[in-house]
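Before anything else, here is the set of structures, which you'll find just below.
Each of the two complexes below includes chain A, the first together with chain B, the second together with chain C.
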Partner chain A sequence: MPAWLQTVLTSNVTWAVAALAVAYLLTLGGIPIYTWWERRGAGLIQRRPGPNRRGPYGLIQPIADAVKLAVKEDVVPEGAHGLFHALAPMLVMTVALTTFAVIPWSGNVSLFGKSFRLQVADLNFGLIYILAISSIGVYGVALAGWASNNKYSLLGGLRSAAQMISYEVAMGLAVACMFLVFQTVKLDQMIDAQVGPLWHWGVFKAPLAFLIFVAAAYAETNRVPFDLPEAESEIVAGYHTEYSSLRFGLFYMGEYVHMAITAAVTVIVFFGGWRLPWVTTVGRYGSLLPWFLFLISIVSVIVAWDTMRPARRAVTKGNILFALILAATALVSIGLGLFLLVSHVPPWAVSLSAVVSQLLVFLVKFIVLFWMFIWIRWTMPRMRYDQLMRLGWKVLLPIGLANLALTSVAVLLGWI
Partner chain B sequence: MWADILFWVFAAAVIVLALAVITFKNPVNSAMALVADLFFVAALFVLVDAHFLAVIQILLYAGAVMVLFLFVIMLINQGPDELGRARRTFAKAVALILLFPLALVVLRVVENVSKGGGFLKVPSDYGTIEAVGRLVFGQYLLPFEVASVLLLAAIIGAVAIAKRRLW
Partner chain C sequence: MAVKKIYRPPMDFWERIFIFEAFRGLGITFKHLVLTWFKPGHKLTYEYPEEKRPVAARFRGRHGIRRRPDGSPVCVACFSCQTACPPQCIRIVAEESPDPAIEKRPRSFEINLVRCIFCGMCVEACPCDAIYMTHEYELANETREQLKLTLEDLLDPLEQER
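What follows is the complex of A and B.
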């Protein structure tokens, strides 16, 4: 291997850039996919096609949506507070993006005697950082409501502020419980504590904390069944009634980024992060990569075949191109997988393969949890406001406190 | 070097924003200036390695306490008529007099630092969660518990006053 490649691979900058790239792919790069996915998921649940005209499976639709949003008129209502009206959507988006800095996308691997991990910032209060930063997001929504000079917006902003404060308490209790179980607040150490058999995952060690966390996290993302701040049947569109064009777009995108960070944190705290159950060593993860590649190729072939089925949709040039790209992906993955399987791989390549397969494991879990957001949104009815407050203060808070006490006893006695 | 530059930037921001808090006429502006101010104070905490304090500052003060402030301000939503009325020259005079002892303390600290007395020398890990936890639940356990009982009493008192009609 050439010396320059070794220098590049063992430089901290390369790893930081790679971690940033993953974070950007899952946030800004992921938003078009998420919006498309949500609409297709809605279609699936409501037994209708969803967007399916532009591009294969309607995949070009998000681009059209983005262009539509960008060229719309940017209206600032009369009597609005100019600065806060502009600042609010930016705040929502910035806060959601900033939290991704501490997510570890892979475990430690050693390359030429040095140890690396796909993580932008390794803070010694990892999960608390995420809680702290995302608690700032409420200002975006509350200020948007106040600055719009509209009664409906104000009601939405007030609802959001009250809701966030209420559910942050429950979420804090659930997270404190996980701190006790794992004896750490750092995300990478939490993943390390979930090594080994399946029942070492946080969700099996503290199932009640998981339920509280998920309920609180859904409330914090303002999604159904907790989307009272934008309940269209009561207060028009809530806090973003007076927003249009890309300012509205930032709220819209911020919601998806917020969902992404919630899904990522849930994966790490409750589902073992990038770890597979029973797989422990870096070498094992490396040797799993060919099989993951074969899986990818099988999935691509199935999707390509489905795209070209004349009975389901007209075979256009776009569909043919899409199928060809998928076929090429399948061929490349099979070739790469076979090559990795039969050839003698040097240790550095094993380390790199391990990082890639850990990332893939993380992504699969992430996709499942993200789908849960969409699934629940199109399945559950919206709560009434008093029900929401009752759930937060009279159900989740007592259960959370009892759970914390029980967990601390269990941890002290060594049961967990 | 960088820490020094950042210190002056953050310190200047803290002072400017603190002045903004008391000079803005619109209470929402003041509240948001205070939020930003708390952020820069947290940044100052980070510069002296008090990481846990910094993150708790953001989580509790900026993320929870100030949200409630903003909530109440937005709920009352006073117009310019009510806000423009108050002059309160007497209150301002009292505030200036009360400010005097605080200014003396600040001057003493500045004097001490400029003489080379400097800040306390502490190990670099004194700001971690573990170190803070050991202090709070070890050496300072009694004050910590007394403070929490006091807070509980305040909460119960607030509920009792607010919900008097329920009895």
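What follows is the complex of A and C.
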């Protein structure tokens, strides 16, 4: 192996950039996929196809939407506070993006005697950082409501502020419970604490804390069933009534990024992060990569076949291109997988494949958790405001406190 | 004003703690998702331009005029439809028929679809069952002139053209 490649691979910058790339792929790069996914999921749940016209499976649709948003007129209402009106969407988006810094995408691997991890910033107060930063998002929402000079916006902003503050308590209790269980606040150490069999995952150690956390997280992200701040049947569009063009786009994207961060944190705290149950060593993760690649190629072939299947519409050039890309992916994955299986793999390559397969495991769990957001959105009706407050203060808070007390006793007695 | 009492069954314990019912709801939506994706008849919508919604047998679309076995229109230019038409969108010009058994035939038969209300009165009025409503409903056009249908537009296609 050439020396320059070794220098590149063992540079902290390379790993930070790689972690950043993953974070950006899942946030800004993922938003088109998320919106498409949300709309397709909604359509299928409501017994209709959803956007399926532009591109294979309608995958070009979100790009068209983005172009539409970008070229629309940016209206600032009369009497709005110009600075705060402009600041609010930026705040929401920035805050949502910033939280991704501390997510560990893979475990520690040793490369030429040094240890690396796909993580942008290894802060020693990891999860608390995420809680702290994402609470700033409520300022964006409240500010948007106040600065718009619109009573519906103001109502939405107030609701959002009240809701986020109420549910932060429950969320804090659930997270504190997990701190007790794992004896750490660092995200990578939490994942390490979930090593071993399946029942070492946080969700099996503290199921009640999981339910409280998920309910509070849905409230924090303003998603159904807690999307009162933007309840369209009551207050038009809530805090973003007076936003158009890309400013509205920032709110919209901020919501999806917030969902993504919540899904990532849930994966890490409750579902073992990048860990597979029973798989412990880095070498085992490395040897799993060929099989993951074979799985990827099988899925690509199935999807490519489905793309080329003439359904109601004729197969377009886009479909053919998409199928060719998928076929190429399948071929490359099979080739790479076979190569990794049969050839003698040096230890540095084992480390790198371990990182990739850990990332893939993380992504699969992330996709499942993100799908839960969409699935629940199109299943649950919206709560009334008093129901929301009752659930937050009279149900989740007492249960959370009791759960915290019980968990601390259990941890003291060594049951968990 | 009488008060109408709606009976709402009280929730039992398991329904009140919500969480299991929530998962049941998730199961229902997931069932619909899978069925919509895999089972052809489950979808409730039509992907319109490619997939046309079936119309009822009595659906009133654009008009058509039937032909005799020799290809000439069944219409005898009796003006019954023109008289019956509420928005007066039918205009017939009659001429003598070369066939001695038939008195008249239309020289021109014009229906102005801009005015037509698709009420079907012309079909009711026709003594010869010559005019009828087809199931064709894609009638958009670019000018008003193009929406004035002539006899050629209205006549059924000939056997050899079908």
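Everything that follows uses one rule, which is that the second predicted complex is superposed on the first by the 414 of 416 C-alpha atoms of A that agree within 3 Å, B and C clash if a C-alpha of one lies under 4 Å from a C-alpha of the other, contacts with A are read in each partner's own complex, and residues count from 1 in each chain.
Convention: a residue touches a chain if its C-beta (ideal position, glycine included) is under 8 Å from a C-beta of that chain, and two chains touch if they have at least 3 such contacts.
Please read all numbers here as calculations on a predicted model, not as lab measurements.
Participant: Could you tell me whether chain B and chain C fit or clash when both sit on chain A in the superposition?
Facilitator: With chain A as the common anchor, chain B and chain C both fit in the superposed model.
Participant: By the touch definition at the top of the document, which applies to A:81: first (chain B), second (chain C), both, or neither?
Facilitator: first
Participant: Identify the partner contact of A:171: answer first if only chain B is touched, second if only chain C is, both if each is, neither if none is.
Facilitator: neither
Participant: Contact-wise, after the overlay, does A:211 reach chain B, chain C, both or neither (first, second, both, neither)?
Facilitator: Touch partner of A:211: chain C, not chain B.
Participant: Going by the contact rule set out at the top, does A:379 touch chain B (first), chain C (second), both, or neither?
Facilitator: In the superposition, A:379 contacts chain C only.
Participant: Please indicate which partner A:109 is in contact with in the superposed arrangement: first for chain B, second for chain C, both, or neither.
Facilitator: In the superposed model, A:109 contacts neither chain B nor chain C.
Participant: Considering only touches as defined above, state whether A:146 meets chain B (first), chain C (second), both or neither.
Facilitator: Touch status of A:146: first partner only.
Participant: Compare chain B and chain C by how many residues of chain A each one touches, and report the one with more.
Facilitator: The larger set of chain A residues in touch belongs to B.
Participant: Just chain B (first), just chain C (second), both, or neither: which does A:22 touch?
Facilitator: neither
Participant: For the superposed arrangement, tell me the lowest C-alpha distance between chain B and chain C in Å.
Facilitator: Nearest C-alpha atoms of the two chains are 26 Å apart.
Participant: Would you please give the residues of chain A that touch chain B in one complex and also touch chain C in the other complex?
Facilitator: none
Participant: Which part of chain A faces chain B closely enough to touch in the complex?
Facilitator: 81, 84, 123-125, 128-129, 131-133, 135-136, 138-139, 142-143, 145-146, 154, 157-158, 161-162, 164-165, 168, 185
Participant: Note which residues of chain C are touching chain A in the complex, please.
Facilitator: Counting only chain C, the residues touching chain A are 19, 22, 25-26, 28-30, 32-33, 35-37, 42-45, 47, 50-51.
Participant: In the complex formed with chain A, which residues of chain B make contact?
Facilitator: Contacts found on chain B: 28, 32, 35, 51-52, 55-56, 58-59, 62-64, 67-68, 70-71, 74-75, 77, 128-129.
Participant: Which of the residues in chain A end up touching chain C in this complex?
Facilitator: My answer: residues 41, 43-49, 52, 211, 312-313, 375-376, 378-380.
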